[in-house]
Each structure stands twice: as C-alpha cells, then as structure tokens.
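Input: structures, listed below.
Presented sequentially are two complexes of subunit A, the first with subunit B as partner and the second with subunit C.
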Partner chain A sequence: MSNRQLKISVFRYNPNLPDDKPRMQEYQLEEQQGMTLFVALNKIREELDPSLMFDFVCRAAICGSCAMMINGKPRLACKTLTKDLPSEITLMPLPVFKLVGDLAVDTGTWFRDLQVRTEAWVHTDKEFDSQALEDRMDNETALAIYEPERCIECGCCVASCVTANIREDFIGAAGINRVARFMVDPRDKRSDAQYFEVVGNEDGTFGCVGLMACDDSCPIQVPLESQLAWVRRKMALAGLKL
Partner chain B sequence: MSAKHTHITDVLIVGAGLAGERAAVEAAAAGLDVVILSLVPPRRSHSTAAQGGMQASLANSAMGKGDSPDVHFADTVKGSDWGCDQDVARLFVEKVPIAIRQLAYWGVPWNRVKAGKYKHPNGMELEDTKDKEGLITARNFGGTAKWRTCYTSDGTGHTVQYTMDSVVCKMGIAVHDRMEAISLIHDGVNCYGVVARCLRTGDLIVYLAKATVIASGGAGRLYGASTNAVICEGTGTAIAFDTGVVPLGNMEAVQFHPTSMPPTCILMTEGARGDGGYLLDKNEYRFMPDYEPEKKELASRDVVSRRMVQHMRKGLGVETEYGPHLWLDIRHLGRKHVWTNLREIANIAMNFLGLDPAVDLVPVRPTQHYTMGGIRTNIDGYAYGLKGLFAIGEAACWDMHGFNRLGGNSLAETCTAGMIVGEQVAKYTLGAAPAFNYRLVDDAVKKDEERIANLIAGKNGKENVYELRKAMEETLNEHVHIFRNGPSLETAVSRLQELHQRAAHLGLRSSGLGANPELAAALRLPGMIRLSLAIAYGALMRTESRGSHAREDYPKRDDVNWLKRTLAYWKAGAELPTLDYEPVKCTEMPPGDRGYGEASARNAASKEK
Partner chain C sequence: MESAKTLQKALIRANPKTDLYVDLAEAATGISLVAFLWIHMLFVGTILFGKQIFDLLAESLDKYYLAHIGIPAVIVIFLVHIFVAGRRAPWRLSDMQTTWRHARMIAHTDTWIWVGQVVTALIIVIMGSIHVWSVMYEWPITAAKSALRVDSGYLWFYVLLLLAGEYHAGFGLYRICVKWGLISNRRTAGWVLKVITVAIVAIGLGALYMFKKFGGAL
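On to the complex of A and B.
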C-alpha cells in the first residue's frame, strides 16, 4: 500500500516584516509510518521552506510549547499523529495569544502575567531553616497538590474558551486551576478572603460561563471541570461572608 | 544595523532551567540585579522533562534506612568510575538534603512517607515507620546502595521547575525569554556579558554584566537521536568554547540512557526499572540478571546500556525497520501503579505508539541522554580561563559525575549547584568593578552582524545547514556511540573536520529576516560541530575505558595513565581542539571496584578460579 499524500495548509504571517500579509500556504508531504506533526513540520522546514516558524521543545507532550489549532481544534502538535487526521490538514496559531510568527505564539508572556497577577507562589511568613527537617505533610495532600500542578501551560484551554476569546484579562481555566493548586496547599497561608481578592471576580472564577470546552481540550487531562467548580463554590461562599 | 538595546545588570544568567533559576534566586537574594536569558519560557526548559527524581540521603523510607551523605558520596564516586572531583561530590552530597528541603519549603509537593506495611509493586514486603510519616520519601534508582531518589509521582522536574519559577516570579527577577546568547563579550581575560539575538524580532541585543553565568543545559542534540529536548544544542557551551581560552572538561563522557522509546527517542524514566520493571529480549526473556547478578536492571546506566547492546549484538533484539530494540516490561507492577506513579511514561507509550504499559511491552533501546562534560569550572563554579564567567548544571563540568552520572543526580545537581554557585556568584559580583573599553562591545556586535549578513547574502557559499547538521548527527551516532574504537573514532574526527570546513560556507535559502529559524540554525551549527569534535577527538585520545566511555580496543580502566580529566580548547582558526589534561583528585576514595559492570564480573571470575 502506498503512503498517503498529505496536504498541509499552514497560516503564514510574520508581524516583524513590514510587507508581510497573513495568508495560507499549502505544503505537500508524503506520510510516513508513525508520523507526528512534529516530524511533518520539521520536514517541511528542512526540505521545503526554511522560513517556517513554529515551536517545539520536548516533543513528548511534557513542555506545552507546541499547541496550535489543528483542523480547528487546539491540540499539542507533537503528540498528534497524522494517521489520526484526514489527508488535508489545516494548521493555525492559537487564538488569544500574541502571534510571534506563523504557528508560533507568545504563551510565555501571557502565563508570566498570569503568575504575577494571581501571585502564584506559596505565601508564608515562615522562614526557611536549613538545619531543620522538612515540615510533615500527608502523602494524600501531596498528591492532591500535584493533580492541578500537572498543568503544562500549553494554552489549549485558553484558546478554546469563549470568555478568554472575548475578554482580554480573563485568566482562563489554566489560571483558575493554578490558583486551586495553592488553595489545596497547606503551606500557602492565604485566607479565602485573600483568594477572593485574586479570583473572586469576572476576570477570575465568575467570568467562566460553564461551557467546559477547556476540559475537553486539555491534552493531559487535568480535571478542569471539577477544579473550576470547586474554586467557584469556594469563592461564592467566601463572597457571601465578605 | 547595530545592537537595538543594551542592558546592564549585575548578574546575567544564560538559561532559565533549574540551575539558572536557582542561581538567579541566590544572587537576587543578595540584593543584586539579575537578568535571565532563555531560548524558551522558563517552564518549557528541558529540566521539566526530568521524570524520575532527585537523590538526597534523607533516609526516611524503609529502604533508605541507614543512608547518609557518606553512602551517597560512595555511590556517586563509584558511579563516576572514579572520574569525578571528589571534593565537589562531597560538597554536593552534604548540601543536597538542604536543597531538597528548601524546595519543599517553596512548594514542591514531594511524595511523602506513609506509615505501615505494604507490598512494593516489585514484590518486596516493606514497612515504613510511624516516626517518619509525612517526611519526604524516596524511590529506587540505578547504581545506589539505598533508596534515595525523592520524587513527585511522575513529574519531578516539572514540579521543581514550576516551583523554582514561582520563586523567580515572586522575587521579580527579569526573564528575557526567546533570547539567545550568540557570543560572549570578552578580552581574553575578563568576560563582560553577551551579544544576544532576539528570537521574536531577530534584533541583536547587548547584555553587559559583572558576572555571566552559563546554565544552558546539555548538548544531546548533537547526536540527533537523543532523549533531550530539541533546544539542548549546547549553545551556551559552544560560545564559551569559542573564546579560545575557556576549556571544556571531559566532553567524551556522554551518557546513553538504557530506555528510550524508538523511533522518537522519548525517555522512559529509570523510575520504571526502579519501581521493579524488567528488560526483556525478543524471546521475552529477562536477560539482565545473567550479566549483572547483583544489580540486574539497576546497575549504573553505562553498564545497563552496554549490556543491552551486547545482548542485541547476539541477535536477541527485536528487529524493526528502525533498527533493533528490546522490551521494557512493567506489566507486573499493576494498572494502578503504572497509571499513577508512572503515568507520564504510560501516557507517552499510549500517545506515540498506542501501547498501554499495564498490558503491553514497550520497545526501548539505549540513546544519548546526558552530557557529563561541559565548561570546566572550579568547585565554586568559576569557569577556567575567563574572570567573571561561571557555569552550572549540565552545561558545566563542575565534575561531580565524572564518566557516568547516576540517575537522580543531575536534577539534584541543578538546584544544589545553583544554590552553592549562586552564592559564590553573588560574593564575586559584590566585589567586582569591571573596567573596559566600549570598543570591545562594538567589535563583538560587529562580528556577529557580519556573520549574519554573510549568511543572508550567501557570501561565503551556499552550504545547506540542515544537510550538514544531519551529517554531523549521523557521524556521532555511527562512530562515537556506546562502544567506540580507534579506527571508527578517527573516521569521526576526519568527517567532522570536513563538515566544520564546509560549515564556514553556509548560506541561507530563506530571507533570514526577522526571527528567521534557518538563520538561528546556521548561527549555531559551526559551534555545534566544534563541540562534536571535542567529543570525538577526546574519545579518540583517551585510550582506556571508564564509565560511559567504552573503548573496544582498550576495554580496561587505566588508572595509571588516565586518572585525569580532558581539557579541550578551541584556538582561533584551529581545525582540531587542543587537548590538555589535569589530574583527577581522589581525596577520599582511592580507585577500586564498582561492584557492578564488566570489570567487577572479571574480578569475580578470576576469584572463582
């Protein structure tokens, strides 16, 4: 059986070049066994068009660099096998995030801003004592922290979110999940009232309209639906007490 | 064209992985201005891909009882095949427990001891004691006498990097991501910073600093087939090498990890074998106990990788169009364990090959994994050769790994060295008052501008960067791999020399404008080939076998002639590195038997006779 010919249609635009215009460009490529979009895009760059911009780092679905719209859905390109797609493939950059060029978007700046706005670090008055044993924690708590901590900040949930697409400051499921990670962490001494300041508003948990596309889009199955519901309930109760 | 911006800071850190961020925190805590440059956002760094864990002798878990820095030290030295600097190894093992506990303080959700009897998935009956409940637990890794590897389920690197980056955010440390250092600014005596290329716009930017710290990670991608992320191209190491005055230590010491999944070479963590996984051959026979009766699948990585190749050479590998492989078997650990503690590798096997390791065997074979060599530094992290230059982590040859790094010792090194060297960087910077002629900066920028202009214009030729790069990768994979020999290494050296000459004639096929990726590749390639030459030439000249450096024509370790560290320099206009050597200090443990591997097997056999 001969291999399929893939027709890969890619969004092209380099905002740094004054004369460049957004357009779609088509590349033809022979499919190979076990081919991922990581392999396909590198082949295009090395053999057909060395100017094509896209981001890969780990190519193992761990680092979150390569999210893009693959036939209209936000996915990690590195773990997308071409055999699971029709022979005509359309690749677009993620919406919401600033375009770097072609398929590369600036998720780094977006997520940095999120960390700073939600103060996504452990808040404690305790000083570190280099001579003391670590504070004890039960293993179940450690695992409960790890569950939301697993988020790789790829931006798939943000790209698929209606609110994030229309409201620039909405922190998205990734943001709410990140806050949830600190809420379950006994080392973080913030009160519910303090968390309310961070996410008890329309840019936070109350901006979510509950369509849950985020949950469908998460490439590593962070349970976003239950995380979002938990934070919303907690913040609604905290709001009542204010 | 000239540099678009000039930034001045106290401390400049090249690389935002764990080593870089940990050092940045230390320097910022001393009140210094710190800027971190990174090819990618910090949380995309290759540090996040480390699945397994960090070794620290906390002695909390049942199988960690009796552990101490002394035991960790002995494992590390044996693991290095007596190639490491023992003063550095000693400093590391004493400090790593503090580093781990500090990470817990900052927020890493380390897995914890649960008191009570339980059956380990490998079948052992164990009991964790009440007095240790809630303290940080550990898993088993290769080449260790105790269970010492602290972890967070299947994502240790991820949680540690995210936590470290949260501290960087909290302290307001500046991170300039998508920014690549392309040359060091120096006068042969002092280092003053870097010329960087912005990977958003293509602009050249100058960074001037009292102290410059290279923390850019390993160079696995020289081999093409590597477990490393695609950004691990040794860029920071190469710009230090290019100064001509900074030597690289032991570049021939390259680690091959036993279990990467073909054809994409994605890592299957050592935790899989630590938790009780087996290696099987094409007959589904568990072969490692035949070679290594004591340690079995958990001898050090260099030994397991060689045994696997040895076994496949007997025709016992599974043949495929991508070459032979063996099987990793973790089915007997049970579905719950596989999809909880080893979820990341279960996901990888499922995503890329459609295999469920709870019921399926996973194909594995040894693949380039870690760069033990790097920018040679002293125990305080000062690079040899240039004042004001430091190096840490995989980019450095601090030299706690010698000729073979133990699993769990590199992630541990990043934070521990970041802590120790970060403090030294701060101390140096607080007392530094560099004076220099600004012409030096202009000249450095002009030189890079000229390189770029020539590549775009094709002034020196039209060689294709991707073709040359592929040839470099193939040369290393074919001739400078797990087993090495004189004639093959000579071939590698001469092919790489030819590629190096051709790389002087690179020309772009695309416009090179803006953040053009072909230009980025073309700027990197000549330095990458020079690093490859340091590996191949160092390997050719080292006529012994030590750790991961296995010479078929010199199969024994030779402590009389080779208890020394290679120092490679690249002099301006040279065609080969200049090699020098320095003694390896064995301050505590004289060279001896590792207790596993081929030499131990030979010793055991001769005793039986």
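On to the complex of A and C.
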C-alpha cells in the first residue's frame, strides 16, 4: 500500500516585514508511518521551505510550544498524528497571542502578564529556611494542587475561547485555573477577599461565558470545566461576604 | 493585584463587587425567566384539555391577582435580563466578525450553540415584546381571543417565537448549570434540558394546533 500524499496548507505572514501580506501556502509531502504534524513541519522546513516559522522544543506534549490551529482546532503539533487527519490539512497560528511569524506566536509575554496580574506565586510571610524539611502535606491536597498545576501553558484554551478572542484583558481558563491552584495551596496565605480582588471581576471568573471550548481543547485534559465552576462559586461566596 | 493604570480602571476598582452582582443578576433573571416560560407553556397547554379549562385558568389569573403582580414582574425581569445578559454579546462590528469567523473555524458545538443564543435573544426581544403587547391589548385572556389571534396570521409568528424562546431558555439554563457547576456533568445537563425543551415545544405546538382549529371554527 502506498503512503498518502498530504496537502498541508499553512498560514504565511511575517509581521516584521513591512510589505508582507497574509496568505496560505500549500506544501505536498508523503505521509510516513507514525508521522506527527511536528515531524511533517520539520520535513517541510528541511526539504521544501527553510523560511517556514513554527515553534517546538520538547516533541512530547510537555513544553506547550507547538500549539497551533490544526484544521481549525487548537492542538499540539507534536501530539497530533497525521493519520488522524484528512489528507488536506490547514494550519494557522493560535489567535489571541502576538504573531511572531507564520505559525509561531509569542505565548510567553501573554503568560508572563498573566502571572503578574494574578500574582501567581505563593504568598507567605514565613521565612524560608533552606536547611529545614519541607512542610508535610496530605496527599489529597497535593493532588488538588497538582491537577491544575499540570497546565503546560500551551495556550490552546485561550485560543479556543471566544471571550479571550474579543476581550483583550480576559485571563481565560489558563488564568483562572492558575489562580485555583493557589487557592487550594495551604502555603498561600491569601484570604478569599484578596483572591476576589484578583479574579472576582469581568476580566477574571465573571467574564467567562461558559462555552467550554477551553475544556474541549485542553491537550492534556486539565479538568477546566470543574475548575472554572469551582472558582466562580468560591469567588461569588467570597464577594457576597465582603 | 497590579495597580490600576487609568482613571477609569481605578474608579471601577472602587466598586469591586459590581461585576459579581451583574453576573448573579444574569443567572437569577435567567432562571426566573426560564421558570416563568415553562410554567407559562404549561398554562397555555391546558387548551389541549379544552377551552373551558383554559378559560377557567385565565380567569383565576385575574381573580387571584396573579396577572397584576406577575406581568409587571416578568416585564421588569425581562428588561434587566436584556441589560445584564446582553453585555455578553459581541456588539462591536469587529467583535461580531471575530466571533463569527472563530465559531466557523473551531467548529465547536457549544460555541455555535451560544451564537444561536445571541440570535434567538434578538428574536425574543422583538417578538416577545409584540406578543406581550398584543395579549395585554386584548386583556383578559380567553381561549376565543387567542384562537382568533392564532388564526388571523399569527400562527407562524408563534411557531418561531416558541422555537426561539425554548431554545434560548433550554440552552440558557444549560449554560448557567455549566458556568456555576450546578450539575457535575455537562453532557447530562444538556441531555436533561433537551428532553424538557422538546416536551415544552411539543406542548406549545399542540396548543397552537388547537388554537388554529378553534379559530377556524369561530
């Protein structure tokens, strides 16, 4: 049986070139066994077009760099097998994030801004002692922290969200989930009122319309639906008590 | 939290609970309107058991002052809901373009359902207002008057309003359940609400059929 010929249509645009215009460019290549889109893109860059820009680091769905719109859906290129796709594939960069060029976007600046705005670090007045043993934590709490902490910040949830697409300041599922991680952490001494100040608004939990594209798009299945609802309920109660 | 960078942001921060109240108002008015709509449709559905029962119920609405309190309350809740839920819709042209393009691109069911919620909202605002006006104008409600109205060209008006209303109510309640986590699984919530919606639409269509039949015989 001969291998399929793939037609890969890629969004091409370099915003740094003053005369460049957005366009779609088609590449044809032969499908290989076990081929991921990450492999296909590297093959295109090595054999067909060295100017093609896209991001990747780990190839193992850990770094979150290679997220892109694959036939309209936000997915990780390294985790997407070409055999699960039709032979005509359309690739676009993630929306919302700043375009670097072609399929490459700058998620870093967006997430850095998110960390600063949500103060995504453990707030404590406890003096750090590098010699002391870490405080013990029960397994249930540790798992409750670990679940949202699994987020690889690939940006798929943000890209899939209509609200994030039309409201620049909305922190998206990644942001709300990030804050949820600190809410369950006993080491973080912030009060509910302080958390309310951070996410109890339209840019945070109350800006979510509940379309759940985030939950359906997360490549590592962080339970965003329940995380978002939990934060919303918690913040509503906190707000009413203020 | 980062400090407010503009006057407007600083002033918004001065009332930090506004967004919470508006969000709660959206859910509260939404749930109230769904409850009203479903009860309303069950009341209208009494026509399936005959004109006498329908008229008896319509009379009791007046007799026990249910209409006097209920109608103004529903109108106020309706207006508040337009205001607080309407803020979610993409009103700027560029937002509409982005929403439409995005919904087409990601081909995601729940996102399309929401686009449908925005469209049905517009239908309900216009047709619901006409409906309230035309019923109030001929107050009190009787089976004969309703039958005449349905028979005099309002049939398709009501079919469309029924479908738009029940779609918006069913998926609106689904959305509230999902956002607040009222039901643990959104597939279950969707399934339950679809069954209820289909039942209510069936009652509505049955009632319209009866009105059309009575209207033709008048």
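Please note the rule applied: the second predicted complex is superposed on the first by the 241 of 242 C-alpha atoms of A that agree within 3 Å, B and C clash if a C-alpha of one lies under 4 Å from a C-alpha of the other, contacts with A are read in each partner's own complex, and residues count from 1 in each chain.
One rule holds in what follows: a residue touches a chain if its C-beta (ideal position, glycine included) is under 8 Å from a C-beta of that chain, and two chains touch if they have at least 3 such contacts.
Note that the coordinates shown come from a computational prediction; the quantities given were computed from them, not determined experimentally.
Per the definitions stated earlier, placing subunit B and subunit C onto a shared subunit A by superposition produces no clash, and the two fit side by side.
In the superposition on chain A, A:S65 makes contact with subunit B only, not with subunit C. Contacts of A:V209 after superposition on the shared chain: subunit C is touched, whereas subunit B is not.
Once the two complexes are overlaid on the shared chain, A:L242 sits against subunit C while remaining clear of subunit B. In the overlay built on the shared chain, the residue A:E153 is in contact with subunit B alone; subunit C does not reach it. Judged by the touch definition given at the top, the superposed model places A:K189 against neither subunit B nor subunit C.
When the two complexes are overlaid on their common chain A, residue A:R233 makes contact with subunit C while staying clear of subunit B.
Of the two partner chains, subunit B is the only one touched by A:V122; subunit C is not.
Once chain A of one complex is fitted onto chain A of the other, the partner contacts of A:S130 are limited to subunit B, with no touch recorded for subunit C.
With both complexes placed on chain A, subunit A has more residues touched by B than by the other of subunit B and subunit C. Of all C-alpha pairs spanning subunit B and subunit C in the superposed arrangement, the closest lie 12 Å apart. Annotation: subunit A residues 116, 119 touch subunit B in one complex and subunit C in the other. Put simply, subunit B touches subunit A in their complex at residues 40-41, 43-46, 48-49, 98, 100-102, 104-107, 109-114, 133-137, 152-153, 155, 158-159, 162, 165-167, 169-170, 175, 177-178, 200-202, 229-231, 263-264, 266-267, 321, 344, 347-348, 351-353, 465-466, 508-511, 513-518.
Residues of subunit A touching subunit B in their complex: 14, 16-17, 33-34, 36, 45-47, 49-53, 55-65, 79, 81, 100-101, 106-109, 111-112, 115-116, 119-122, 126, 128, 130, 132-139, 141-143, 145-146, 149-150, 152-153, 185, 187-188, 220. Interface of subunit A with subunit C (complex): residues 69, 72-74, 92, 95, 116-117, 119, 160, 162, 165-166, 196-198, 200-202, 206-213, 216-217, 225-226, 228-230, 232-233, 235-236, 239-240, 242.
Those residues of subunit C lying in contact with subunit A across their complex are 1-2, 16-17, 19-20, 22-24, 88, 90, 92, 95, 98-99, 102-108, 110-111, 114, 175-176, 178-181, 184, 186.
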